[in-house]
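Letters A, B, C and D mark the chains in the order given here, with residues in each chain numbered from 1 onward.
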Amino acid sequence: MRDKVVSAEQAVALIADGDVVGLQAGPTQCAPMTLVREIIRAGRRDLSLVCLSGGLPVDWLAAAGSLARCTFAAVTMEHFGLCQRFRRSVETGAIAVEELSETALYARLGAASRGLPFLPTRGLIGTDLLDVGNDALKVIPDPFGGPPVVACRALRPDIAVLHAHRADRAGNIGIDPGVRLPTMTTLPRASRRVIVSVERIVGSAELRRAPDRTILPGFAVDAVVEAPSGAHPTSLFPAYDHDAGFFTAWVEAAADDDACEAFLDRYVRGPATQQEYLGLVGVR
Amino acid sequence: MTGYSVDELMIATLAACFDNDDQVCNGLSSVLPVCAIQLARLTHAPDLVWIAGSSGVDPLDPQLTASSFESPLWRDAVMYLEHYAEFWDYVAGDRFLRKFCVGAAQLDAYGNANNSVIGAFDHPRVRLPGTAGLGDMGALDKQLIYWVTDHSPRTLVERVDFRSGAGYLGGHGERARLGLRGGPALVVTNLAVLDFAPDSQRMRLRSVHPGISVDDVLSATGFAPVLPPRVATTTPPTAEQVRLIRERIDPHSYRKRGFRPPTVR
Amino acid sequence: MRDKVVSAEQAVALIADGDVVGLQAGPTQCAPMTLVREIIRAGRRDLSLVCLSGGLPVDWLAAAGSLARCTFAAVTMEHFGLCQRFRRSVETGAIAVEELSETALYARLGAASRGLPFLPTRGLIGTDLLDVGNDALKVIPDPFGGPPVVACRALRPDIAVLHAHRADRAGNIGIDPGVRLPTMTTLPRASRRVIVSVERIVGSAELRRAPDRTILPGFAVDAVVEAPSGAHPTSLFPAYDHDAGFFTAWVEAAADDDACEAFLDRYVRGPATQQEYLGLVGVR
Amino acid sequence: MTGYSVDELMIATLAACFDNDDQVCNGLSSVLPVCAIQLARLTHAPDLVWIAGSSGVDPLDPQLTASSFESPLWRDAVMYLEHYAEFWDYVAGDRFLRKFCVGAAQLDAYGNANNSVIGAFDHPRVRLPGTAGLGDMGALDKQLIYWVTDHSPRTLVERVDFRSGAGYLGGHGERARLGLRGGPALVVTNLAVLDFAPDSQRMRLRSVHPGISVDDVLSATGFAPVLPPRVATTTPPTAEQVRLIRERIDPHSYRKRGFRPPTVR
């Protein structure tokens, strides 16, 4: 068996400057935060991020200057407000934006995962998002005579980065009973390579007890990183909720350039290991 | 316990939009619609199917938190919907989930919504969160129910800076000519309830909330809405509705967030 | 709560002569056999069947004269051989055929379930299936300049018919841990109405213990029929395997017109209830 | 125990097609490929990922039955693949599942396959089971490995009655001109092993099984295959391979089905 388990540093070495990186994240929901911190620590630049509706990790990557571009349906931290560093970077033109509706983003990823040049959606019709020079979207006629649809060109990230509950050493990824998070399987299926951090490495026998809760097969996963509480401060239900205090601390720091840098130095660039980070933020 | 606050009135008004046979979901940052859905389920629409956070079907024991999108909200769900293939499939068809509650940063006279940018798209003055599912909902055959906690000339404008979601476009049938069905049905704000005039499809004042005058609404609106001969007063919530909201649905008052101190003169 | 539980007879009353009927079935895997028998007992005619790779139920419906048309990727009983009654009906022209590859059939159903006029596939290129006058398939250019793809027109069955492990009275459908059978969720999502037979009606509380094993929400199910061993003689794992002896008996009967009619009279048209049928075939 | 039968030789020949880094699935009515996959996993390719019945990933304790598509085959799988969104997505990409074993009712000189009809499509003399996944596999970037238990002029024909799956079409690069990559790689029959000549893409005799002459093969083939200067003899299975097949993989001899009594004169 090819052993897929590596360190966060080794995993992030698979990401090159300029890569298109697919990031699993919701506004406060499960993002691979250990890997995001490692991407920043490693100083990756010019990344094109693809993320359905990410929050804090997008803000951190923007604040650290890692991003050249971002494809999204939303960037928000929900009740913690807009991502202020991301927002400013877009407003100054430092980060270019591809905004898509949810079905259009799914269509772009779905086309890549299905080996198709495009998938259609009935969304976006009537919006200005069709008039901002996005060459990945084309209104095409229905060949069967109905109303036109929007063809969404396949979007194939160079690498997908996500977090889940457990994996075996072969890279099979398992989750606890619960919602399958948006893009959690679409994003890796669409991507050339896949990195997954997990709460725990387990024996394959544990996964074989509930194969319907395995969400990715090992052959389609390139690297697995063990990272307990690796989604902190985002949530990973049923294991843990998002850390509201930490989100609030970030929102306050993000309002000021110096405070922002100090925050990143302390929490992102500082801790050399996951254990050190967890000690610092007071988890466990 | 007597009286009610405007959030409770809005919740009761939104709740009245849901019928017993409907299915309805809620999105991000949607505590008010969540309260309304719960209120409907506890009163006139016990069979209303709620897809909490667009994820958990028919939760028995939802726990309202500051988020309307985290797992406690769909506690004891009977099914989880995968977002792409299941949730959006059920939405995109024409049979289910016919009504959507939408919050938007800007809303215009013809019901177009903006959650994208203030200013130019490429160099915006304000980068907003993004269209999320609104760019889809607006194009599908849905009844859009807008809710606005901050009725002001900044939020209700003659023309949105950017159309993140299609309403009636330029009105006068333009939406239908583009092949789109459905469209905006109602706008529930902290001052009034508005709908859309059948011919022009321009926003029309339907009722003002108790204590608010028509002039209050007009001066807080960035365009001239259609004025019917008679503007009703919004039906206030009943004491029982208020009790359910305060004691059972949202005892921690998450619904109050997003409301500013009264802006009406 | 709207109670969706009805008798097989009431459920089948939702199917009209001439309907497009989507049937969940594999070569020997889980088909809603109680409902199929009821369709034959009720004398439905001119049905257009849609079935990815069905076996014995397709053969029965063909033998009973219920079918005018069939859309499929395969019709076979695997190690029990071709469906002889179906085969002969096609050879005589009594049943018209729409043969599709698996991805093309999925694309047609997927388009219907997604409210789209069509979905593309890269399958079928180079086959003669594109040259038999099927107006649901059109080779279209890739609007982004790649090779052409096959647009597959949305196929929306009037009604989907399937079998599963359990349901509550509201029509939420649950399965035991195991593979989600091909088309088991795509077919009902694509269809205007949905009938599901289940091994057991259970309380909702039982489904709420494992919501990730609920495969269809009650609002999208029109009728539920309790039918213990309702897939017999096809398999429903982990509950029961297919009944090889019964398959063999049908294959032998199907070889002869009189034996075929006698078999249908005895096993399909004869038993008035599921219990009577199970007694007759010696199950339980 | 000495000797082997032709099914065992074919299984060993098919097994040699699978590398340790491959993923491979099996379809319906595919006991021979299943035995070959298992043999490869037990010998030279322990990491070969098998998607049993296109459903269960990497089963530890598969139970071979008369069906190659029922649940016992993927006992103790580490994951189940949903057929539409998961299995076909992994197939349709260009990274995984690069080789497919295909059985067909008719196969022609350029590797096109027919599982649809003998005779006209609308009024066939014989209605065959249908293309199933073959119509997809043939159009994707895959290596097709055909297996034929009944090498005869009826099964190996100059031109198939109907193309259910694309091989090299008319040969001489027609497949590539249509934009298709991959294509038929090998044909393993009960008499011989064939591949495809690089230029013409016409089927070419590669080796004859021990005890079978080139003339035996030619008279059992419905077209003239390309004959290389030297036709090798197929490597027979080792005693250990035969033992594994008989004792461990298929003790009930399901693999023997589909073979007729010898048809060679």
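Criterion: a residue touches a chain if its C-beta (ideal position, glycine included) is under 8 Å from a C-beta of that chain, and two chains touch if they have at least 3 such contacts.
Note that this is a predicted model, so its numbers are computed, not measured.
Participant: Kindly list the shared contact partners of chain C and chain D, in label order.
Facilitator: A chain counts here if it touches both chain C and chain D, which gives A.
Participant: Spelling it out: a chain qualifies if it touches chain A and also touches chain D; which chains qualify?
Facilitator: C
Participant: Counting C-beta pairs in contact, does A-B beat B-C or the other way around?
Facilitator: Between A-B and B-C, the larger count of C-beta pairs in contact belongs to A-B.
Participant: Please tell me the distance, in whole Å, between the geometric centres of chain B and chain C computed from their C-alpha atoms.
Facilitator: The answer is 40 Å.
Participant: Distance from the CA centroid of chain B to that of chain D, rounded to the nearest Å?
Facilitator: About 58 Å, centre to centre.
Participant: Can you give the whole-Å distance between the Cα centres of chain A and chain B?
Facilitator: Inter-chain centre distance comes to 29 Å.
Participant: Can you list the residues of chain A that touch 2 or more other chains?
Facilitator: Residues 115-116, 121-122, 147, 178-180, 211-212.
Participant: List, in ascending order, every residue of chain D touching at least 2 other chains.
Facilitator: If we look for residues of chain D contacting two or more partner chains, we find 56, 80-81, 88, 92, 140.
Participant: Name the touching chain pairs, would you?
Facilitator: The list of touching pairs comes to A-B, A-C, A-D, B-C, C-D.
Participant: Sort out for me which residues of chain C touch chain B in the complex.
Facilitator: That would be residues 1-2, 113-116, 168, 170, 172, 185, 189, 192, 204, 207-208, 211-212, 214-220 of chain C.
Participant: Under the touch definition given earlier, write down the residues of chain A that touch chain B in their complex.
Facilitator: 26-29, 53, 72-76, 78-79, 82, 86-87, 90-91, 93, 97, 99-104, 106, 110, 121-129, 132, 147-148, 178-183, 186, 235, 237-238, 241-242, 244
Participant: Under the touch definition given earlier, write down the residues of chain B that touch chain A in their complex.
Facilitator: 28-29, 55-56, 66-72, 74, 80-84, 88, 92, 115-116, 121-136, 138-140, 162-166, 169, 175, 178-180, 257
Participant: In the complex formed with chain A, which residues of chain C make contact?
Facilitator: Against chain A, chain C makes touches at 115-122, 138, 140, 142-144, 146-147, 149, 151, 153, 177-180, 210-213.
Participant: Could you list, by residue number, the parts of chain D that touch chain A in their complex?
Facilitator: Listed in rising order, the residues are 23, 46-47, 49, 56-58, 60, 76-81, 86, 88-90, 92-96, 140.
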